[in-house]
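Each of the two complexes below includes chain A, the first together with chain B, the second together with chain C.
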Partner chain A sequence: MRLLWLEIKRLFNSLAFLIYSALVFAFIVINVNPMMNRSLAHIPAPNDYDSIYATDFRTIKTSVLDQLTTEYTMNSYTTYPLGFAKTTSLAANKRNQMRTKIIALRQAPNRPTLNATLKLVDQLLGGHSSYTPSNVVTLASRQMTSREAKHDYHLILERDKISGAFARVFADIATLIVGILPTVIVLAFCADDRRSHAAAAIHSKAVSRNRRLLTRYAASLLVLLLPVLAVSVYLTIQVVSSYPHRSLDLLAFMKAAIIWVLPTLMVSSAVGFLTYELFGNFLGFAGQICWWLVTMMLGARRVDGYYGLLLMPRHNSLHNVAYFYEHLNDLLLNRASYVLLALIMIGITMLIGQIKKGGYLIALSRH
Partner chain B sequence: MLYHAISKDLKANTLLMTFVAIALACLLPLLFNLAPTAIVQAAMPGELFVPLIAIICLPTVFLPDQSASIQAVINSKHFRLPLLQFARILWFLLILSLLDISIVLIYRVHTSPVSLLPLLADFMTKNLLLAGVVVISYRLTKNIAVTYILPMTYFALCLGYAGLGSFNLLTLMHGRPITDCRWQLLLLLASLIPDDFLKSRHADHT
Partner chain C sequence: MSSIQISNLTKEYRKKPTPALNHLTLEIGNGMFGLLGKNGAGKSTLMKILTTLEQPTSGVAKICDIPLTQPQAVRNLIGYLPQNFSFYPNMKVKAALSYLATLANVPVREQNGRIAQLLDRVNLTAKSGTKVKALSGGMLQRLGIAQALINNPQVLIVDEPTAGLDPEERIRLRNLLTDFATDRTVLLSTHIVSDVEATTNQIGVLDHGQLLFTGTTTELTDLARGHVYQALIPAESAVHFKQTHQISEQVTETNQIHFRFIAATTSEVPVVPTLEEAYLYLQLQHEGAIS
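For the complex of A and B:
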């Protein structure tokens, strides 16, 4: 416990943590504030209804055909390898095949037939297109009907208790920044020992390598989550002052910080420990930055509700609440998976530490 | 002698990240359309991807000399540490510029209808601006973590926040005029000059 306290103190008193806290606080507040200024006191006017993605067969089919016909006419198709938008053109023989597929789509009587043809369209484009059964809904965006808007508002009042809707946006933004910055802080934290020649003194103490790593990991999580918790308190106060006579969930932001944001923080922090143990330098940041950007780009295609396998699940909307509750289990599974992944990474870090300590690598290299 | 020292330093301290930069650059043809028809598409590699490579590479310029003992050894030579750091920054700027030039040349080979010279100027400005942010972060704090997280947060802010106006890194991708680059260069110069000025004044008094 004393070791944990010492590590927390060391991290907490560093300039890097001070600037990290300021950046995290500013980043979240700047990005969340435009949403916080929107009122959830009344149901929106008909012209202000939010957009949702249609799930009915007819709307999806019409949207797909509209989009595909336009792209076919221009012979310019947008695909998304690793989330980056890329336009491709088809050669004459493939264009003919595409024309056949468009005719087949037009005649598709039901969803399974449509999906089967869409898979062929996607293959023709080399994959990563919008024309996959799972991506195709992104083409069918439409404004909510009056009934859907009323149901959405009902969920905001009854299940979210207003603050939950804001907490989702807060979590969406907070994960973006804690998905990358903690890796650097942890790398610098690890590098400090080498820089100050403290490693020899640390290794002479009666604390096992694994215990030291676990303590450091716990300290990094506790300290690096602090600015996120501080913003969550600040935003809770802001919501309470904006909706004084409403029934609110006062713990909504805290719950979002711990259930939604913490798993991402656990992973980005674990990447720091693992890659420093592996390479002994800041190379892990390059890997994390690539992972972060790919996740950003994949999530950017559907910011108002996309969880899947993303390290940073997206829900940058006060609405689309029905989608959130329908996919809540997916989100929880996603978060639990990343907690597990982070713990596996720390396990691997311990294993690498043991191998290094045992000198197995040197022994192997001499044979 | 100096040339020999600089080339040895570059070989020892920038080679790994140069390979990383080249490896990442190999992803460009897979991720982006290199025959773009619109300026937004054309701007993506140079405004989104190359700056990211810059954020990965540029702070490493300050990594080798984190130990006070190494700084003392280098400063005991007839050249100073800032000279070596300046050479390392120039090296990475050269690599990043070559990447930008390659992208623009590939656009030209594919007879892209986009005006290429302003695009190249826009790409180069981003590298210079990020180099400025990295150098200033390190000069002000002497902290390697801060040297990474400041430009990274700036980049993340540029991706999603529209309120940065002329100082948004994604000028053309966000449909802003290319004249924004002038303001970005001005910001770079304005933030570099007072630092040197203050340093020399301080040196005069001591």
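For the complex of A and C:
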């Protein structure tokens, strides 16, 4: 515990942490504040109903056909390899095939038939299009009905207790920043040993390499989560002052920080430790930037509710609450998977450390 | 009983044609032991292996009968002052020692007392609240010794501790090391012969990963006896003389130069070799420069 405390102090007192805290605090507050000003105390007026993605067959079919016909007419299709938009044109023979597919889609009697044809459309476009069975819902955005809006409002009041709705937006924004910055902070933290010529003295001490790594990892998580927790307290106070006579979940932001944000932080921090052990430089940050960008681009297609396998699950909306509760298990599975991934990365870091130090067989014999 | 036992130790690095350590065998008892060698002789590699920072390719080494294959146990027995020691620049001296004491598994309740005692011994008490980056080179080395002794080790391993220090600090540091060697083993690795000469009579000479000599300083100078000469050479002949002899010292005296040189045999009368000349003789002999 003493070592953990000393590592926490060392990271906490660093200039890197000061800059990190300022960036995290500013990024979250600037992006969440506009949402905080919206009132969730009353059901929205009919014109202010939020948009949601339709899940019914008829709406999806109509939306798909509208979009595909437009793209077919212009012979200009947008696909999203690794989340980045790319425009594609089809050659004459493939255009003919596409026309056949559009006719087949028009005649599709049900969702399975539609999905089967959509797969062929996606293949014709080289993959990564909006026409995969799982992506087509993004084409079917529409305004909520009055019944849906009332249900949404009911969930915000009863299950979210208002603060939960704000906490989702907070978590959405916070994961974006902790998905990238901790990597560079951890890399700087690791590089400090070598840069200060302290590595040999430290490594010759009795505490094992693995214990040192685990302690530093724990310290990085505790310290780098602090600004996120600070914002969560700040936002909780804001919600309490805005809704003085409402029943609120006072721990909503805190829960979001720990259950939603922390797994992303665990991964971005573990990437720092792992890549520093591997390369001994800041190269890992470049890798993390790539991962972050791809996740951002993938998530950008459905920012108001998309969890899947994203490192940074998206829910940049105070509404779409039914979607959240329907997919809560997916989100929890996503978060648990990233916790596991982070721990695996730390395990690999330990193994690489042993291999680098003394050869493969010795490393294996000790694990 | 030997504190450090090294048997047939070899260390090879990938992409390097010759081993950094080549079947090294050496026993070191209590007190100060000086390990002399040129830069690249393998001294630092040996230090790193003995401190368990690296692992040998083959061979065995033990610290106080504990094999290096038990790194945790070995680290509890050793203190290490690495070459070019420094620490986190913004950390204060006392905090740095506290951090390293924790890493050395020194119980928290003992840390304050031990740190105060060590700071006193290395004359850094007044600097306990100073940031590491504000310390001079000599102070930094003294901090390095304090941190190496934080776990009260039985074996202290110091790698080139006087490099870059001014004469006053160098002498101070050597005296400190000698003091610490009274009740433990101190392995001093250096390429500066005067450091060894001033601190110990037990030495080893390492070159290209091989141990050329181990014994006392007197035994080393005895080896060179009869192979060190002096001559007074006119200034105009000095260039030629230097090209044909292994010079160990030259002093200009008006129009003549007084040379001391190393040779297998010559017609000159031999002089008593210094330790530095004996060391040079050994190196030259190993390289085949003299027979």
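By definition in this document, the second predicted complex is superposed on the first by the 358 of 367 C-alpha atoms of A that agree within 3 Å, B and C clash if a C-alpha of one lies under 4 Å from a C-alpha of the other, contacts with A are read in each partner's own complex, and residues count from 1 in each chain.
What we mean here is this: contacts are C-beta pairs under 8 Å (C-beta built on N, C-alpha and C of every residue); 3 or more make two chains touch, one makes a residue touch a chain.
Fair warning: this is a prediction, and the values are worked out from it, not measured in the lab.
Engineer: Name the chain, either chain B or chain C, that contacts more residues of chain A.
Structural biologist: B
Engineer: If you stack the two complexes on chain A, which partner ends up touching A:K357: first (chain B), second (chain C), both, or neither?
Structural biologist: second
Engineer: Return first, second, both or neither, reflecting whether A:L309 touches chain B, chain C, both chains, or no partner chain.
Structural biologist: Neither partner.
Engineer: For A:F282, using the defined touch cut-off, is the partner it touches chain B, chain C, both, or neither? Pick first, second, both or neither.
Structural biologist: A:F282: touches chain B, not chain C.
Engineer: Once the shared chain is lined up, is A:R212 touching chain B (first), chain C (second), both, or neither of them?
Structural biologist: The answer is second: A:R212 touches chain C but not chain B.
Engineer: Touching A:A116 in the superposition: chain B (first), chain C (second), both, neither?
Structural biologist: Neither: A:A116 stays clear of chain B and chain C.
Engineer: Once the structures are superposed on A, label A:R2 by its partner contacts, choosing first (chain B), second (chain C), both or neither.
Structural biologist: Only chain C; A:R2 stays clear of chain B.
Engineer: So, A:R10: does it touch chain B (first), chain C (second), both, or neither?
Structural biologist: A:R10 contacts chain C only, not chain B.
Engineer: Quick one: is A:S204 in contact with chain B, with chain C, with both, or with neither? Answer first, second, both or neither.
Structural biologist: second
Engineer: Pick out the shared contact residues on chain A: the ones touching chain B in one complex and chain C in the other.
Structural biologist: 14
Engineer: For chain B, which residues count as touching chain A in their complex?
Structural biologist: Touch list, chain B to chain A: 16, 20, 24, 30-33, 36-37, 41, 44, 52, 55-56, 59-60, 63, 66-67, 141, 143-146, 148-150, 152-153, 156-157, 159-161, 163.
Engineer: Could you list, by residue number, the parts of chain A that touch chain B in their complex?
Structural biologist: 14-16, 19-20, 23, 27, 30-31, 76, 81-82, 84-88, 176-177, 180-181, 184-185, 187-189, 191, 195, 281-283, 285-286, 289-290, 293, 296
Engineer: Under the touch definition given earlier, write down the residues of chain A that touch chain C in their complex.
Structural biologist: Where chain A meets chain C, its residues are 2-3, 6, 10, 13-14, 192, 196-198, 200-208, 212, 357-359, 362.
Engineer: Report the residues of chain C in contact with chain A in the complex, numbered from low to high.
Structural biologist: Checking each residue of chain C against chain A gives 48, 51-55, 71-72, 75-76, 78, 80-91, 98-100, 102-105, 108, 132, 144, 147-148, 151.
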